[in-house]
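Two complexes, one shared chain (chain A), two partners (chain B, chain C).
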Partner chain A sequence: MTTVLFKKELLENWRNKKWIWVPLVFILLAIMDPITNYYLPEILDAVGGIDGAVIELPDFSPADAIMMSVSQYSTLGVLVTVLLSMGAISSERKSGVLDLVLVKPVSYTKFVVTKWLSLLSLIWSSFIIGMLASWYYTVLLYGEIPFTMLLAVIFYYGLWLTFICTISIFYNTLTHSPGLVAFLTIGTTLVISLLTSLFGTRTAWSPANLSTHLQELLITGDVPSALIYSAIVSILLIILILFASIYSFKQVLHNRNE
Partner chain B sequence: MLEVIESINWSLVAPFIVIQFILMIIGLVDWAKTKQTNGPRWMWLFIIIFLNIIGPILYFIFGRRE
Partner chain C sequence: MGILSITALSKKFNDSYAVKNMDYQFTPHQCIALIGPNGAGKTTTLRMIAGLLKPTSGNIIFEQNKNIDRRTLIGYLPQHPVFYPWMTGSEFLTYSGQLGGLSKSTSRKRCEELLDIVGIIDVKDKRISSYSGGMKQRLGIAQAMVHKPKLLMLDEPVSSLDPIGRREVLTLMEVLKKEMTILFSTHILSDADEISDELILLRNGEIIESGKIKELRQKYQTTKITLQFAERQTFYEEKIATLANVRNTLVEKDSIQVIANDITKARNEILQRAVQEDWPLLTFRLEQASLEEMFMKAVNHS
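Entry: the complex of A and B
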């Protein structure tokens, strides 16, 4: 039953073109900054520069170029992910499709997990394709960077995206307004990031620090222990929130049926 | 200005432009097929065509009616 549901999800995302436009947008996000920064001197020359002022542009290393892509994902990538997932369950509940699906012998757990998996497969595929594009441009324009580093970026930053997807699925089970889901997900992410920077080194293990530690990894070449702690905490939180989503989904539907 | 255009390696920038173009085409095809959108249908046509990158994304997220 799970595979049937999962195939239905994939088909639906294919029909509403998510499988086409999300990877394309993720590629654009990844390659935008490396290309623009590479041509920045020419662009500044073309607009005439500032009278006589010499603008010192930093020389970007390959690690900087990869981090440019990651920082695009931290802002616009997260925004797209949240907007994309805001209706995953909530809009089906609103439109009544949910009742049609749950008439069949589908357990609530499987339903939530399938929704989560289909969202993750879309985001991870797009993210991997995007990072490969970023790697290609980095090697071409800025210099060599080992492929294992790229894999590390994909794995650790993918955890942060997974974390956001899971939060979104959790709010999806709580409310039937997609707008509210998006608002709450972005709000939660902002609060986590704010608290993390507020407490500084005491919250080195926070999932929000994954990209900071990644930068360290790219520059020094060794895996900082804080990165491993962040990864473990992220995985634990993801599992916890997923269980919470299943629980809240059951509660909400149970209350409604009574 | 001409020098700048010549100095740019177009094979590097081309994928960027092509992807934008594909996004727009997919948006337009989808727009042409749907009868109803959230909000005025013609408004979405202009958004898809005139807002680079963001236009088609906005349409896919907010414009489509499931």
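Entry: the complex of A and C
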């Protein structure tokens, strides 16, 4: 059953070209900053330069370059993820096609989990491809960085993206308006980031700190214990929210008047 | 032995009941019509039986078995079926069959069969986004039957179709009745009259009358005779009013309505007098209660 549902998701994302444009967007986001920063002096010269002014451009290390990609994902990457996922379940409910699926003996749990997995497969694939592109340009333009570092970035930052996808799936089960899902997901992410920075070291374990700790990892080369804690907390929250999604999906659908 | 029994079924939305305390035993291989005005609770009832909504209270038991997922035995067509527009008709039907528990190859075969039956085999490889309303309705019926359910539930299956489509769907239902139990909702009384064996009349979420059509007809039989005369209508009207079994007469524009105490005796009396006295009788009609009158009567009774 899960395979049947999953194959349908794959086919849908293939037909609406998501398997093409999402990886392209992620590649673009990843390589944009490393490349423009590298060529900034030439770009400034080409537009005529600034007379008399001496511009000190910082020297970027390979770790800085990788972090440029990560910081792009933290803003635009998250936005793309939210826009991609906002209709995952809600739009099917809004159109009514969900009824034709759920009158068949389909498990509600499997349905939600499949939606989640299909979203993750698209986001993770695109993210990995994007980070490989970032790594390629980093090595080319800024110097060597161990591949294991890249894997660590992919794993830990991937958790943050997974966390956002899971929140989005949760809101998808609550409402049938994709716009509201996007709004609530972005709102929740912002609140979590805000609280995390507000409470400083006391919330070092927050999922929103994954990218902060990653920076430390890239600079020192050691895995900071706070990163491990953040990762564990993230995984636990992801599981919790996924269960909550399954529960709310059943409750909301069984009692809707539409 | 019922195929499906519902007991004390209720559904509450916020503070008001959409369906209230409903009981019914469904007999296999019958065509049952769920009739009622808009907002009577027809769709909510069907959606609860289909498993899309959870009853606030009460039970739905399929073939005396509480533990099966009854969705394996039920096919459901919503009032306005919506599909994945990016799929082709045959893709959707195959997918639907697989969700219903068929293997991919079985589902493919069944899909060809059904598309032929419902008459959209020639557009099976076109995207559903290009289908007309009638084609979607047919595809909807096909998806409801794809896993060979024992109970087929159709929510307003003909109300959105043109007269030709309507006729075709009714004919199809007539055929399907032999293989499965059909429960369909409608607010068009003549459709129900035409193909159903049993009726459930709903109002404000409650069953106000139900049973076999024939029995209901008997119960609500009108004791009314309509007469038309070639001449001197009022003259004969006065004569009829004096007959023993006639309770009341009423002159309408060109006919006389006779309300009788005993319809059979009144009929014989009038006919005897008509022969003896050579009345210029044009029309003599015993009014069978139409479903509409029955419905109005049942609504007024409760």
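As a working rule, the second predicted complex is superposed on the first by the 256 of 258 C-alpha atoms of A that agree within 3 Å, B and C clash if a C-alpha of one lies under 4 Å from a C-alpha of the other, contacts with A are read in each partner's own complex, and residues count from 1 in each chain.
As a convention for this text, a residue touches a chain if its C-beta (ideal position, glycine included) is under 8 Å from a C-beta of that chain, and two chains touch if they have at least 3 such contacts.
Owing to the predicted nature of the structure, the values given are computational and were not obtained by experimental measurement.
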Problem set entry | chain B versus chain C as contact partner of A:A46, first or second or both or neither | first
Exercise. Which holds for A:H254: it touches chain B only (first), chain C only (second), both, or neither?
Worked result: second
For this session: Go through the superposed model and pick first if A:S95 touches only chain B, second if only chain C, both, or neither.
Result: both
For this session: Give one of first, second, both or neither to describe whether A:L84 is in contact with chain B, with chain C, with both, or with none.
Result: first
For this session: Would you check which partner chain A:K104 touches, where first means chain B only, second means chain C only, and both and neither mean what they say?
Result: second
For this session: Pick one for A:K8: touches chain B only (first), chain C only (second), both, or neither.
Result: second
Exercise. Does the superposition put A:I31 against chain B (first), chain C (second), both, or neither?
Worked result: first
For this session: Mind working out whether A:N16 is in touch with chain B, chain C, both or neither, as first, second, both or neither?
Result: both
Problem set entry | Shared chain A surface residues [contacts with chain B and with chain C] | 16, 95
Exercise. Touching chain A in the complex: which residues of chain C?
Worked result: 13-14, 18, 50-54, 69, 71-72, 74-76, 78, 80-84, 86, 95-96, 98-101, 140, 143, 147
Exercise. Which bits of chain A are touching chain B when the two form their complex?
Worked result: 16-18, 20-21, 24-25, 27-28, 31-32, 35, 39, 42-43, 45-46, 80, 83-84, 87, 91, 95, 133, 137, 140-141
For this session: Please give the residue numbers of chain A that touch chain C in the complex, ascending.
Result: 1, 4-5, 8, 12, 15-16, 95-97, 99-106, 253-257
Exercise. Across the complex, what residues on chain B touch chain A?
Worked result: 1, 4, 7-8, 12-13, 15-16, 19-20, 22-23, 26-27, 30, 53, 56-57, 60-61, 64, 66
